[in-house]
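Each of the two complexes below includes chain A, the first together with chain B, the second together with chain C.
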Partner chain A sequence: MNHFPEAWGRPRDDVYGSYDRSVFGHDAAGPTQHTQQPIVTGTSVVALKFKDGVVIAADNLASYGSLARFNDVERLRQVGTHTIVGASGDVSDMQFLYEKQLENLIIAEDYQEDGHGLRAKHIYSYLSRVMYHRRSKMDPLWNVLLVAGWDDGKPFLASADLLGTTFSSPALASGFGAHLAVPLLRRIAPDEASVANITREQAIKTIEECMKVLFYRDARSMNKYTMAIVTGKEGTNDEPDIEIQKDVSLKQQSWKFAEKIRGYGAQTV
Partner chain B sequence: MRHGWNPYTDNGGSIIGIAGDDFVILAGDTRHTSGYNINSRDERKVYRLGENSSLVLATVGFGADAKDLAQTMRRAVEDFKFQHNLKDMTVSAAAQFLCTVLYGNRFFPKYAYCILGGLDKNGKARLYSYDPVGSYSKEGESRAAAGAASSLIVPFLDNQVEFKNQYIPSSKGTQERPVEHLDRDTVVRLVKDAFTGATERHIEVGDGLQIVTVSAQDGYQEEIMPLKRD
Partner chain C sequence: MTSIGTGYDLSNSVFSPDGRNFQVEYAAKAVENGGTAVGIRCRDGVVLAVEKLVQSKLLVPGSNKRIGTVDRHMGIACAGLIPDARHFISRARTEASSWRKNYHTPIPVSSLSDRMGLYAQAYTLYSSVRPFGVTSIIGGMDEEHGPTLWMVEPSGVGWGYYGAATGRGRQAAKAELEKLDLPNISVEEGVKHAARVILIAHGDNSNKDKDFELEMTWVRAADPAAAAGQTEGPVKAMGKHEPVPKELVEEAERQAREDVKGDEEDEKMEG
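Up next is the complex of A and B:
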């Protein structure tokens, strides 16, 4: 017996030898460790509901730390007929979700051939449970996901993250967008009721503006992005029209203003 | 450098439960936060456990665990009905079950504070509150508060529901004011006052107030009152 409480009740090293770590199997250094850190990452995803649907956008950059590693990565994915999923965070975890999990989910659903397809809410429910399950295994999928689509005859938009935290709002953005884009989006969509007054054109314009602001201030962003617009028929669960615009460039983007900025760096005025 | 990942977070917000004689009121604000960010202004924390149930559960803390618990409870209550010839689970049974669920996760706790309310078979109000590992009082309580602003709300409820530190004026502070059941309008007013107060002083509380009433007379009623959004 010694005065360290954590050793009390344990087999004494001097009698039984030190703890046999080989019980952990191949890795004698300790128990299996899952928790990683994101490696190749995508930045913000932004989305906004409007009267007849949802607009969602994410740029095409995959960063490796501060290195702009890949500039042709699609971070939006259509899942089934009613849904667009957008992912920020770890790109390989995103690809696992898209190529393996969601792909298999849709195939399994299609094989039923029962005329029923998974809509936005179902996809979201599935993804939330996967995210929460993985966090509970201490082996998280390092992403923030936005699910946009059409369900219950109205626009659907919700978020799920690596902790399994879920929430829904008429305007959502992940990562840097939560700081820079959400305030801009909430100017026209302060609450659920205001969504009825937002037109498709207005929503697209606002999202484009957000992508521009994010490009100006988010150092892990780029000026080429993908935007998806889901437009449904009010009050029905009929297949919505999904328009996916790829390789969109920022409109009227210019660094001209930068040369007028004074007060930083080494200018002599 | 080892970067430890934390499987928990705090999504702010507060909940209150007050039991009258034949009604129980559960309320929670509708703000959902991450740090200084407001994720949503309309994310509700009070859940009805089944379509025709008198059981109501409010959860606050780590949002993902809180929602998971609510879903577990909703499923259990529904399943009980099917397993027991459409008999409703009693509020005391639901209370014990919630305790078992929470304690079942003792070694990886669900980081959520729960308040469970409902009517017993005589139509009398029952209210139970829990810590994250399932401690609760079988006798139930008259009022409970949990979440970010609980430290602001609890003393208010002590004074206004339990009449703590209130004395009969003519007794010169020698005779305590006797505790009595409050009527519904008074309780709703207290809930609204508690949350408008908490909204003023706590940044994680605000946006909207979801007030759920279950009474022997009028069944289930739900109301949303706007709170300050700043």
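Up next is the complex of A and C:
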């Protein structure tokens, strides 16, 4: 995956050449266009399963192009009692999903009053259908979503993106994190079986490390983030414990190593 | 009912010469025959309770609910015709969700009862429809007003209450509610009183020998910390509407039965 959100879902120009607009004939403006690019964007979301749950984190920055426009945006959202959703990509599309779609979904679920609530897999299924539906309308919601939670007595973690693509893995990251964080996460979670050996503390530490690496290397990131830890009771669908830590700062982060680096920005070497 | 047979009661929206709309009055009669419903406005929330008469032993316990969740912070308890009640609640859900869509904020309880009042009233205006055979008690909580309680009748009229009762046992229920120090009690106390009020209302009418199920919900501060420590005045916080936990309902019902029995024995001794 390319880490520039505006390139998601497009054939790469360096491989396929730029798009040939002459196929539209007389109308060079092309057919009706809906959202063709994200405007205000959030960067990576990273998540990792551990023995009794999942850790998920996303920073609080919303960028307007390269401008760090908003620094207090919550990109993780608790949905119902079993689930945390994290979104990268377009922030207004994220707000539409969180504040309209998912809010209504949960309210309507409570109409039943049957003692059941939507769990992580249900939320994920719903979201992936919405994402696929919108891409089929040629009007995609420009996001990559990670759904973390508890289901079937096990930790749950899966991804759905603007193309309607869905997949699952014990370690997931969107955006820049797909390049930088996933290799770090896979060191301790190479496969599903390894999850049983990962402790909560280990998972939190690894996610913290990923957030730090991403802050060092991703120019659309910031040093303040939100982390959610879902901890369930093995073999049951009982309500898991969900701890949401807001305004977390990076630990032991320092630019000291960069003091001697020359040749960037306004410096004249 | 001296006017029966005069012809003015056959069509909806037709006035009688002395200015009454009989179809609406008949709808109110349908409500009077339904199981009792009460609402209690407390300091930190609202309690809704209904006396659900068990029509058949073959029914699964808990079926045919008469209290509906309308939005996170609001519920409606109904007395009267159950199918009418279902539609009424469904309409309330549509109103609540459309308010959220338009204003991006939960609908205040007073606004919802206003809208539901207008809706019910529209069904008194046309010969092609009949009025709702339902009186509904709307309870909810919000940050501006704290807990509030409203009751909308088949005519479309709706008032705010500290304690509301409708259905067959409403007279006895109202008498009991008036004895309470509303709205200065806690939701937990409200639950106990609601169970007792429903029990007394049940004993007061001709369904006395029929079995009934006690259905009870509450709206209380979604974040308990918001209400903690405040001992006076309404708790102004967002609420959550949900069924009262089963153990609490059972305990409240048990205690209510004891209280009512004790009162009856006292009366016998005095008599």
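Here are some notes:
The rule is simple: the second predicted complex is superposed on the first by the 226 of 269 C-alpha atoms of A that agree within 3 Å, B and C clash if a C-alpha of one lies under 4 Å from a C-alpha of the other, contacts with A are read in each partner's own complex, and residues count from 1 in each chain.
Note that contacts are C-beta pairs under 8 Å (C-beta built on N, C-alpha and C of every residue); 3 or more make two chains touch, one makes a residue touch a chain.
Note that this is a predicted model, so its numbers are computed, not measured.
Superposition of the two complexes onto chain A shows chain B and chain C fitting side by side, with no clash. By the document's definition of touching, of the two partners only chain B reaches A:Ser136; chain C does not. Touch criterion not met for A:Ala68: it reaches neither chain B nor chain C.
Of the two partner chains placed around the shared chain by superposition, neither chain B nor chain C is touched by A:Ala7. When the two complexes are overlaid on their common chain A, residue A:Glu103 makes contact with chain C while staying clear of chain B. When the two complexes are superposed, the chain touching more residues of chain A, out of chain B and chain C, is B. Of the two partner chains placed by superposition, only chain C is touched by A:Glu113; chain B is not. Contacts of A:Ala196 after superposition: neither chain B nor chain C is touched.
In the superposition on chain A, contact of A:Gly164 is made with chain B only, not with chain C. When the two structures are aligned on the shared chain, A:Gln37 is found in touch with chain B, with no touch to chain C. Nearest C-alpha atoms belonging to chain B and chain C sit 27 Å apart in the superposition, given in whole angstrom.
Comparing the two complexes, no residue of chain A contacts chain B in one case and chain C in the other.
The residues of chain C lying in touch with chain A in their complex are 65, 68-69, 71-72, 93, 97, 100-101, 104, 241-243. For chain A in complex with chain B, the residues that touch the partner chain are 35, 37, 132, 135-136, 138, 140, 159, 163-169, 178-179, 182, 191-192.
Residue ranges of chain A in contact with chain C, taken from their complex: 99-100, 103-104, 107-108, 110-111, 113. Residues 3-5, 7-9, 11, 32, 34, 37, 39-43, 62-64, 67-68, 108 of chain B are the ones touching chain A in the complex.
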